[in-house]
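Below, subunit A partners subunit B and then partners subunit C, in two separate complexes.
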Partner chain A sequence: MDIVLQNIVNGLCMGGIYTLVALGLTIIFGILNIVNFSHGQFYMLGAFATYYVESLLGLPYLLAIPVAFVVVGALGVISEQILLRPVRFREGHLPGVMVTYALMIILGYLALIVFGPDPRRIDSPFADKTIELMSVFITQQRLIIILFSVLFVLGFNSFIKRSRFGRAIRAVALDKNTAALMGVNVNLVYQTTFGFGCGIAAVAGALLGPVLSMDTNMGHMAIMKAFIVVIFGGMGSVMGALAGGMTLGVVESLTAAYVTTAFKDVFGFGLVIIVLLFFPNGLTGKRLNK
Partner chain B sequence: MFVAILPLGITNPYFYHVVIMAGIFAMMALSLNLILGYVGQFPLGHQVFFGLGAYTAALISSHAGANFIITMVSAIAVCGLVGLLIGLPTLKMQGPFFVIVSLAFNEIFFLITWNWMDFTGGPDGITGIPYPTLLGFVLKNNVGLYYLMVILVALIIMINIRIVNTRTGRAYVAIRENAELAESLGINPYRIKLQAFIISAMFGGMAGGFYAHFERFVSPDVFGFDYLTMMLVMVWVGGQATIVGPIVGAVIFTLLQEYLHVFGIWRWVIFGIVLLISVLFMPKGLVGAAARMIRNRMTPGVARDAD
Partner chain C sequence: MKLSRKSIYGMILVFAFMGLETISGSMAIAADTVKIGMIFPVSGKVAYDGQAVVTGANAAISYINEKGGILGGRKVELDLIDSVCQPAQAVSAAKRLIAQNDTKVIIGDFCSNATSALQQVTEESKVVLITPVAVSPMLTERGAKLFFRNNSTSAMHSKTFSNFVSKVLKLKTIALIVKNDEYGQLETKIYSQLYQELGNPKVVYSGFFGSADVDFSAQLTQAKSMKTESIYIVAQTEQGANIIKQLRNLGMTNVKILGAGALFNPKLVELVGEGAEGMYVYTGYDPSAKNPGMKLFIEEFPKRSGKECGLYEAMGWDTMLILANAIDKAGTDKDSAKIADRLRQSQFDGPRGLITFDGNGQAQITTKIVQVQKGKFVRVY
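Let's turn to the complex of A and B:
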């Protein structure tokens, strides 16, 4: 029983990371109507930004994370304004997909050239301290990941529901032309959403960096997992990202422990296909704009 | 004519390797073009068909010793079947589900080939795939492989022309431009999209099957994004929704690939930038731009077409 609980807790930790990556992906889709394939690279850049801010500038871990958020978020805003703005009014989702795909390739290879292929690990003061909770052992770092992701998504959800800017975001998601007519600054909403989504992916990378070793290829698996989460939770659904992320994390952890380690990822992808067969809009079926 | 007599007098093996690879690239580009260019659907895991075709041919020929025709037919059939499996649930849906599920399938096959050591050789791949045998002859010299490539590319071009210039091809374009309108004219978008996707999957399988026999080696790399990047560069830079475009794209890409080799992995950054530029500024590719230039030259004065 303890081992099952231990596996569930480990799964929740990975689930928290999936949730944070998927959160950015799902709001960018809900508002900009773009599937951001470069999202995994912003996650990877977040981990590397934290690593370098810590090791080169000597900032403590907790300060390095906000710096990574700002740097990667700014990169996201710049990419949106330069690359995605020109295709904003083209028909269909194809041009957006093409642009973010090209961005994914460019950022991935540039990172490989600049940072090199060696795996690294971020220093965190919380990585080695273990606490015992009801006979389950958990490092402080993992506990922080779980708590932060849950609280962050809940906070973000009420921000979207309650605040004035949140209302503007929902209005743009529903109908950008009408929102613009009502005086909402659509361009501001677009760039903020994209930058924020990328920034939060960067935070996810910074949080996982001390737990697992990181390399420039880490974005690939993250984006695949985030896709699964977003399909489970419904494209554009904020709470769906949390539910889907945590579920995927736990399911994967239990599959790896009791069924198969090598094929645990196959299991997740297979599940996606089955889910889509029966629930074409994801398990929650809800959208941001409804 | 030029294509038929080209190999006479040339013995340089490097030349043959480049030209045959260009042919394989052209097959891949024509495969993606059918679904991306004509129907306007983007399977982000389209390299799955290339990889699956290559692995099917490799496994069947090295385990069962089957001849070239049988391995190619099985590669094509397997890809058609997987195309059906991907398309059946997802092409009905709006939005990007098709994009993502095709990627999920690609990832599944990558993980299977990577992890199932006994059957697929794992990360080491499969080596020593036999040369293609045809009518009792083993095609192991470059000239023979060259003509085989020419035949396969010609076959794909012929099927492509047959599809595109008929009612079916016009239905593809109608669905891309306006699915609701197409439906009101009695076209079933779902069935047409599925049909196009399966044919495109089979082309991909053909390219992969031939590649396995030509390179005599496959590894899980064939499921990598590099192959999709290649196909996209060829289709977008050449000109989508034309038959000449992807072939021009394949030739240009092959030359770029050879000349940029000195840049190492920087060349993938360059390909990414080329793709970005062509998506942003040249939506119809080189062939589209050339066609517009010729049209504008021929229509004087104000009647210029501004598409």
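Let's turn to the complex of A and C:
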């Protein structure tokens, strides 16, 4: 019995990890309608920012995370203004895809040149502290990841629904031209949303760095699963990212434990295909392109 | 079709660059250096380990050139092309080297699948190919005449290692956590068979993982539920480090860890910390060896590269020295048959001890077993 429980807890941990990586991606897509291929690189940069803030400035882990959020978020704002602003009013997803894809490649190679290929380890005081409950083991770091994902989704949802700026964001997501006519500062919404999405990617990198592999390649691995989670949960919905991430994590963990570990991804991706057959807009069923 | 002024300027720029590249290419050929091609992953998933081998090779070149070069004073030069360990990229790189630079000697690749693809091209074009790493036994079993492997295969290591596990450690149960590729599948097959023949340990679980996986909780939880006494891990440095961290975090604090050769890496100990303590790994490279080849490596490598000595660095270092020696003795850098002949006769003392090659181009290197003790690898067998 404890083995079943352990497998479910493992799955929830993985789910938290998937959710965390997918959050920024789904926010940027849902609001700005940009498929951000460079998301994985901002995630990677977040991990490296945390690593360097910790090792060079000597700040403690919990303070290094907000610094990484600000630094990478600012980089996101700059990228948006320089690279994405010119294609903002172009039709369709393709211009945005081209720009962010190029950005992904450039950031990836720049990181390889600047940081080198060495794997690193972010020191977190929670990484190796294990909690044991009814012979189920979980590290504090993983618990933090799950809690952060859930709390973030709840917080972000109420911010979007209740606050004034949240309303402006929803207006832009619905129709940017009309929103601009109504006096919404569209440029500000684009800047903040893109920067915030990148910043959240950085937080994901900072939280996952101590748990998973950390090197300049980590973004590529992460973004594959993040795309799956976003499509699975419903493009552009944070609630969907949480539901999608958690389902994927648990399904993967249970099939790996009780069917075979060799083709873990087959079951995860198979599930996504089945869900999309019946719910073409993902679990949360948000309509595409509104 | 109408061209705007901008796009015409753009095209001119592109052509100018292409011209520059050809000029620099032909200039390099004109210079009287011995060119050795190297097709290796320096970006992508195995970039870290790949770059370590390249660093080793470059340090060896700097050493050779300082000693006066080869073939009567000619300097050695490396033509490095990134293969990302992908067969298609490796093949196009080889074709480029052979067609453009008339390369006759190539070092490559890291991964077995890319090496296998390379082998077909080099055999056809009569080019010597030597891999410092790739471990699939198939590579030396095809009768390729110009192919060499300067590394032991998994099968060669497995005799010594399984004996050690069964007779010296006297383990009763073992779980295998293995990468789901050709190398991992082969290791699983070899060790399951050997342990059955030896009588112990009993393989209680075999779990596979993918090359992009970062979480191994499912496999490790299963291994734990079988109450295994030890775990054998087949993985590269980063995934290996994660596996060890995660198994310790799942409460398997007393399980003995055994690692395949790729886990023999100080970086792994640095990444894992205390969790790696007591791990056994087999290797061809013993950092505490005292032979002259090892002494030279320890003396020369760090000051030429600014890096610490390690297994992959040693592989790059001795592969380059062996090659340079063979080319020098063959008296030519253009006759691949002569160079291959000299390689087969070579008796080289390097950081991995004495290395000779058999008729199939397979290097003969003694297997050593090391253990992590207080954060350092110490030879125990």
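By definition in this document, the second predicted complex is superposed on the first by the 280 of 290 C-alpha atoms of A that agree within 3 Å, B and C clash if a C-alpha of one lies under 4 Å from a C-alpha of the other, contacts with A are read in each partner's own complex, and residues count from 1 in each chain.
The rule we apply is simple: a contact is a pair of C-beta atoms (placed from the backbone, for glycine too) under 8 Å apart; a residue touches a chain by one contact, two chains touch by 3 or more.
As the structure is a prediction and not an experimental result, all values here were calculated from the model.
K.L.:
Check subunit A with both subunit B and subunit C modelled on it and let me know: fit or clash.
P.N.:
Superposition result for subunit B and subunit C: clash.
K.L.:
Counting only touches as set out at the top, which of subunit B and subunit C does A:Met224 meet: first, second, both, neither?
P.N.:
Both: A:Met224 reaches subunit B and subunit C.
K.L.:
Looking at A:Leu112 after the superposition, I want to know if it touches subunit B, subunit C, both of them or none. Which is it: first, second, both, neither?
P.N.:
both
K.L.:
Who does A:Gln6 touch here: subunit B (first), subunit C (second), both, or neither?
P.N.:
Only subunit C is touched by A:Gln6; subunit B is not.
K.L.:
Is A:Pro95 touching the first partner subunit B, the second partner subunit C, both, or neither of them?
P.N.:
A:Pro95 sits against subunit B, while subunit C stays out of touch.
K.L.:
Looking at A:Leu103 after the superposition, I want to know if it touches subunit B, subunit C, both of them or none. Which is it: first, second, both, neither?
P.N.:
first
K.L.:
After the superposition on A, what does A:Ala262 contact: first (subunit B), second (subunit C), both or neither?
P.N.:
Both partners.
K.L.:
State whether A:Leu212 touches subunit B only (first), subunit C only (second), both chains, or neither.
P.N.:
Only subunit C; A:Leu212 stays clear of subunit B.
K.L.:
Tell me the contact category for A:Leu56 with respect to subunit B and subunit C: first, second, both or neither.
P.N.:
So A:Leu56 meets neither subunit B nor subunit C here.
K.L.:
Give me the intersection of subunit A's contacts with subunit B and its contacts with subunit C, in residue numbers.
P.N.:
The overlap between the subunit B and subunit C interfaces on subunit A comprises residues 109, 112, 224, 262, 265.
K.L.:
For subunit A, which residues are in contact with subunit C within the complex?
P.N.:
Checking each residue of subunit A against subunit C gives 3, 6-7, 10, 13-14, 17, 109, 112, 116-119, 121, 127-128, 130, 132, 135, 137, 139, 212-213, 215-217, 221, 224, 252-253, 256-257, 260-262, 264-265.
K.L.:
What does subunit C use to touch subunit A in their complex?
P.N.:
Touch list, subunit C to subunit A: 42-45, 47-48, 50-51, 180, 207-210, 212-215, 217-219, 221-222, 224-225, 237-239, 241-242, 245, 248-251, 267, 270-271, 273, 275.
K.L.:
Residues of subunit B touching subunit A in their complex?
P.N.:
Touching subunit A from subunit B are residues 40, 42, 44, 89-90, 92-93, 95-97, 99-101, 103-105, 107-108, 111-112, 115, 225, 229, 232, 236, 265-266, 268-269, 271-273, 275-276, 279-280, 283.
K.L.:
Please give the residue numbers of subunit A that touch subunit B in the complex, ascending.
P.N.:
29, 35, 37, 83, 86-87, 92-95, 97-99, 101-106, 109-110, 112-113, 220, 224, 227-228, 231, 235, 262-263, 265-266, 269-270, 272-273, 276-277, 280
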